[in-house]
Amino acid sequence: MNQSSVRAPAAARPAARAAAARRRHSTAAPRSSLASQQAATAAPVFHYTEIELQTGPGISVHNIMPQLRAEVARLGVAEGFVNVLSRHTTTAVCINEYETRLLDDIRQFLRRLAPPTDPYLHNDLHLREAPEGWPGGWEAWAQQEPENAHSHLLSLMLGNSETVPISGGELKTGVWQSVMLVELDGPRKRSVGVQIVGTAPPRAGGQQ
Amino acid sequence: MNQSSVRAPAAARPAARAAAARRRHSTAAPRSSLASQQAATAAPVFHYTEIELQTGPGISVHNIMPQLRAEVARLGVAEGFVNVLSRHTTTAVCINEYETRLLDDIRQFLRRLAPPTDPYLHNDLHLREAPEGWPGGWEAWAQQEPENAHSHLLSLMLGNSETVPISGGELKTGVWQSVMLVELDGPRKRSVGVQIVGTAPPRAGGQQ
Amino acid sequence: MNQSSVRAPAAARPAARAAAARRRHSTAAPRSSLASQQAATAAPVFHYTEIELQTGPGISVHNIMPQLRAEVARLGVAEGFVNVLSRHTTTAVCINEYETRLLDDIRQFLRRLAPPTDPYLHNDLHLREAPEGWPGGWEAWAQQEPENAHSHLLSLMLGNSETVPISGGELKTGVWQSVMLVELDGPRKRSVGVQIVGTAPPRAGGQQ
């Protein structure tokens, strides 16, 4: 998948909200039964890929909803789910609203929660050992090792995986929700693990 | 599923604890192998539904364990899992003990963590744009838009999806655990996404 | 699975990082397609087991990565995922770096976030009722009930399940990530729910 650090265009939200309201008021039972029947006809596909991102400095939030939607559509998965994994110890995967000013609130809130200027044991590089066999030994390791204990703590608090159901070919997030990678020690090149599991409806007139 | 805002009746906990203790001391290996064999005989079902709730004012906690258990029993899933998704940017899905006084501790803890009275950029509605095409334009949008940045931040911290295994037809949560929707900006009508994935044992004397 | 309270030996990390870098620079598309094809040939296995641990006093962190890797290898799952569930109301499941000094930062951070010495309603045992039918009644219940509201709050914040994809037979966590049980009210005997879902490649020359 392509690198992605740009913000997604704002969706036509009132229309989406109206559509969501319509769906919410329809009776759930018949739709569920149909989905179950279709899903029972074939073994599910397990599809794993990684989204690569160039993140911003310090704390930054990256909307990966467009990539997730594109991948679900490309695979044609009708019933299933997407599991999204933060693959770094100083990033997190979250779901919330991708609104410009809220992103600044998130940054400020997280900085207050675990200030980078607080004392942390993990940041005393001179008291830590380099991993065994590090090329160049301790000096080389210490030179490239960031003082980022606060980023680890925030990653721990925010969480590192979220799972979102797919039904009727659509991710079932709410109208205002986006799946986002939260960078806590940028800028860096990062990869997000994305696994899509599910079944596609049989194609008309041929093998699946 | 029915609307649900009432608290679930307290389970007969000592009995449940005793049963759990018995299960824990049985040897795990044979049960696992059996489960694997059964599961391999059929393609799994993907079943998606939404639980609708009327939440309480401000921060409130809603136990959805009874609905999850009922749905697993109704589908007859023996081996699989339930994925529960918060579908709003100011709700969260959590697992903990549903105990009356602890629910008050949760409310007070969360209010201290992100006080509604703190300044937040997301709450400066006059500096934000209405979503494109909003009926009635900016004035109509601003009138209905709550000042709830603190609720977004708490949703981000608490997390929005949890996945619970099903084995032997039972949700494998611990004796004192309940899956709960945490409302952070109520009261509102909310929906929780519930996906059950798994296989049912073959029915005696007939097709599945 | 065996009891496990010891720390895992540090992996040969530079080698792992180099291997990860190689994987990251290979083109993703062919690998993904192959995985999808293999996965479509058989119904997936659902395998549930529990890891039992003796935890440390107060807050302690337990790396369960070695057990997860062993179980994935034992089952021979090539494409799928592992779901890990904290099965207690005062434990949590997290993903981060298992580094000695960082573990101390985590303990100190969590104690500041929800100090055990703060007042909590859940800790007023004299104002709570014993669960119905508790052997020995209220007195017996109160005697064994810990004052651990702070542990519940931390469990709520840290989260109770994480899901990690398996692809090509490997857990897709990043090089420095470990799945960890966080004990928030130890020492105790604890169990962690582990569900592995996925498909194994067909074995050469025989039935699967």
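Labels A, B and C are assigned to the chains in the order they are written; within every chain, residues are numbered from 1.
Assume a residue touches a chain if its C-beta (ideal position, glycine included) is under 8 Å from a C-beta of that chain, and two chains touch if they have at least 3 such contacts.
What you see is a predicted model; the values in this text were computed from it and never measured.
Taken as a contact graph, with one node per protein chain and an edge wherever two chains touch, the assembly is complete, since every chain touches every other chain. Taken over every residue number at the interface, the positions common to chain A and chain C amount to under half, indicating a different-residue contact. Inter-chain spacing, taken between the CA centroids of chain A and chain C, is 19 Å. Counting partners per residue, chain C has 42-44, 157, 159, 163 as the residues that reach two or more other chains. Those residues of chain A lying in contact with chain B across their complex are 10, 12-15, 24, 28, 32, 35-36, 39-44, 79-81, 94-97, 99, 101-102, 104-106, 109, 157-159, 162-165, 167, 172-174, 176-177, 198-199.
Residue ranges of chain C in contact with chain B, taken from their complex: 1, 42-50, 52, 75, 83, 85-89, 114, 120-122, 124, 127-128, 131-135, 149, 152-153, 155-157, 159-161, 163, 191, 193, 195, 197.
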